[in-house]
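My structure is below; once you've seen it, I'll send some questions.
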Amino acid sequence: MTNKTRPVRVEFHGKTIEIGGGAVAVIAGPCSIESREHLSETARGVKDLGTCFLRGGIYKMRTQADSFQGLGTNAFGFIKEVKKEVGLPLVSEITDPRQLSDFADAVEMFQVGSRNMYNYELLKELGTTKKPVLLKRAFAATVDEWIKAADYVIKGGNENVILCERGIRTFEPTTRNTMDLNSVAYLKAHTSFPVIVDPSHGTGRPELIGPLSLAAVAVGADGLIIEVHPRPREALSDAHQALSFAQFGEIMGNVKKVAAALGRELVK
Amino acid sequence: MTNKTRPVRVEFHGKTIEIGGGAVAVIAGPCSIESREHLSETARGVKDLGTCFLRGGIYKMRTQADSFQGLGTNAFGFIKEVKKEVGLPLVSEITDPRQLSDFADAVEMFQVGSRNMYNYELLKELGTTKKPVLLKRAFAATVDEWIKAADYVIKGGNENVILCERGIRTFEPTTRNTMDLNSVAYLKAHTSFPVIVDPSHGTGRPELIGPLSLAAVAVGADGLIIEVHPRPREALSDAHQALSFAQFGEIMGNVKKVAAALGRELVK
Amino acid sequence: MTNKTRPVRVEFHGKTIEIGGGAVAVIAGPCSIESREHLSETARGVKDLGTCFLRGGIYKMRTQADSFQGLGTNAFGFIKEVKKEVGLPLVSEITDPRQLSDFADAVEMFQVGSRNMYNYELLKELGTTKKPVLLKRAFAATVDEWIKAADYVIKGGNENVILCERGIRTFEPTTRNTMDLNSVAYLKAHTSFPVIVDPSHGTGRPELIGPLSLAAVAVGADGLIIEVHPRPREALSDAHQALSFAQFGEIMGNVKKVAAALGRELVK
Amino acid sequence: MTNKTRPVRVEFHGKTIEIGGGAVAVIAGPCSIESREHLSETARGVKDLGTCFLRGGIYKMRTQADSFQGLGTNAFGFIKEVKKEVGLPLVSEITDPRQLSDFADAVEMFQVGSRNMYNYELLKELGTTKKPVLLKRAFAATVDEWIKAADYVIKGGNENVILCERGIRTFEPTTRNTMDLNSVAYLKAHTSFPVIVDPSHGTGRPELIGPLSLAAVAVGADGLIIEVHPRPREALSDAHQALSFAQFGEIMGNVKKVAAALGRELVK
């Protein structure tokens, strides 16, 4: 099988990070950014363990209107400083087209969350930029609808779309979602999108994140996005599925082994 | 069973239309508004057959970026005239918080489509108005998430939320969606929201819209929303599920019979 | 719509009970037959309220190997006596082709449960008899597979198949299953099978059985099958969804009203 | 993670094949056994490529009553000869408790197919033997129900149960089923059952069987079961998902690499 994937490249302080070029890109960080110290500690921790990109929520989509909704614009100042100090670019979720100008300055990649995959007005707006877009699959989106959502960004003029499989909704209650690795293999065989897998949301159970990370690499995914927190039990959101540095480090060791077996390295 | 539903009222040219007060409200009209003549002809047709509210898309959410996306702002002028001439208020889908001020003048009820049920920024914005919001269930939203989405509008200050069941996504390919009337009965028994049923999208097959309309009334729904087109085969969107005036009229006759058997009338 | 349904007829002590001939057939009784007295009391109670057929489990399919599995062959003797005394035929679930000869003498209709819809060896065996077969839909069977399962009985030589919609498995946790009334309308429009609806299993919540019973009649179902117990809280299986005589009686009153509105009676 | 799996052992002509003991067991062969020559050719082919167990349908479960249903008892004679000549034991699907005595002599492992996972009478009967049972997950069985189905065999006295994930039924039409590798990781972490994965049925697309085989090994599965045919296009059943020897050989090469990376070998 020839790899037809068209890689997406991110420039950050003189460095180029390529996703979809053969190497495995691991994105990690907290569900929500809680403070300057929290972000800095997490960023350093995951960088030391082999991560090439930082994740972290600034505006959170929460099912309940009165749950913690993220720090919002207050966080932009220190986010830029921490990214530069640690040397990792950031991907964060955008939830409203009106956030675009503020966001453009704070992140190196826009994340569109599952709840907004069908928010075509937001996707069109992201098509007017050149920043990469990490497009998560909606809870019950077919692969066909997911590709067509990506087309809204592309037709707007921005070809830098990465798809992210994060589990779909099924009848099975044992796991938070059902990870659909069939779709990852299908997208790799039939489209040119880089594909990232999110085993944190895809399983919702810490003990399953490791096995599913290895499965994602073996099935051909271009990378992983994993929730890590210095002290998982104290996390302000998704505490039940965040990994400690120790747990994350163990997974990274095995990810490297499986990647190497298939002739792949980690993106640095 | 005592009816605990809190009705939503719409004032229109000196008339009050109440949804959730016991009578069955039938909303009908085209998927998309195609022209002044098209809207006028459809509105007169459905009004004569017992409809109390007009539906019609101004901005359409389409899975494919290059499908017909609706007339947009060009239509606002004639829409206001047609509504007044025919004497029917309008519900139409809003897809972007930035459309709010324009829309507020053209519609008597905002529709939030299935694709935007989780678009919390849009819901918060609708909470700042007093206009009723028809909140459609997302393709795979649990009843609990649907209620919590409604809370985003209510916590913004707008209590006028009507829920709309439009079918959920399941493994079954025979029908476009699987109509979940269990959820309608559950919402009527356990919440105070008025609940409307959309058998056009819920089945996607014209021959099933009649039977499911009757089932919806029998299960206790506060109303129906049905796609009608003067010449269904010529419709610019959803042509396969639009009903002709004749088909719609036959359904309305049976809807009245089932409603009457349970001591209910049609909203006029 | 012309009714193309081919009715199934059951002869019982000189009386003919027709299912699928236009009138609404209500089948009721306990989940499991618990004793002679229990069966007799339930049968009299439901007959007085308008039931034309008795249901009651002899062999129960239970997910857990150590749950109550039914009285089995011990019950055959008194079952025949009670049926004759009360004047109601019985439908009961068969779970093994080797039970056929014993069963043939004790029931007027075989029920194939959801767990056995794909048990083609059992279906072929039932094709060798002339007794009607009530074929429940499997948890995730498509309508197409369900029809093809019925074909196994028909090709064996027995055309007396009635389909029973009992809810399908979806992502929604609020109700035990999701009742798929779309499929009922589809089967009535496109096949000649009589179709029965089971709102007890289809909802799993007593307060929803009434509304869904009315919806089933309105959508065009040929009948209902409902779990009733003299003292629901003491039931040995499915206690949470059994109705009392009072609850069942109230539903029957409304079922008659909706049926009458559509020109239908109850099967006596 | 300590491996708590309790291995299942099969004795065959003086050799012991262990499934669940750490090494990866690959089971392969045709969907249906078509003739002596066909079985012999396939068995030799897959053995040369590293398979430790032969699969092959004798009685086929077919959705349509008039599809090819397998050779049945006619095949028992030559099956025993071929197995001995080639040196591979056989797993084949049993569909009726009455087949047990015949089958016991022809197979080294009973397969219970997805359609019969809830056929508790069959499971109880298999509990009376000591032969291993490969229990496939039903189309929409929860993990909990699947484990409880296995309990029917175990409580009958037979502890040799291997679970087989073969994809579940979801809304996604791109693949025949959705492979649920979350469930495999969950079963490995929380139960002692060996778990096998079937990527042939789990994807239904030949080009995805390789990637999903690697994912299954990486996620921790104890083995694979794959459909192979000397000339896939001529297969009498499941022709669209059978692999050629060349395709199967390529997959086996990669399976060995991923297994080795995680310190595992292939069962010989």
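Letters are used for the chains, namely A, B, C and D, taken in the order the chains are written, and counting of residues starts over at 1 for each.
In the analysis below, a residue touches a chain if its C-beta (ideal position, glycine included) is under 8 Å from a C-beta of that chain, and two chains touch if they have at least 3 such contacts.
Everything quoted here is computed from the prediction, not taken from an experiment.
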item: Pair sharing more residue contacts (C-beta pairs) when A-C is set against A-B; value: A-B
item: Self-contact between copies chain B and chain C, residue sets same or different by half; value: same
item: Relative orientation of copies chain C and chain D, as a Cα rotation angle in degrees, nearest 5; value: 180
item: Inter-centroid spacing, chain B versus chain A (mean Cα positions, whole Å); value: 36
item: Distance between chain centroids, defined by C-alpha means - chain A, chain C (Å); value: 49
item: Chain D, residues touching no fewer than two other chains; value: 140, 169-171, 173
item: Interfacial residue positions of chain A with respect to chain D in the complex; value: 1, 140, 142-144, 167-168, 170-175, 177-186, 188-189, 202-203, 205, 207-208, 211-212, 214-220, 254, 257-258, 260-262
item: Residues of chain C defined as touching chain D within the complex; value: 61-66, 95-98, 114-116, 118-121, 138-141, 145, 148, 151-152, 155, 169
item: Chain A-touching residues of chain C, taken from the complex the two chains share; value: 140, 169-171, 173
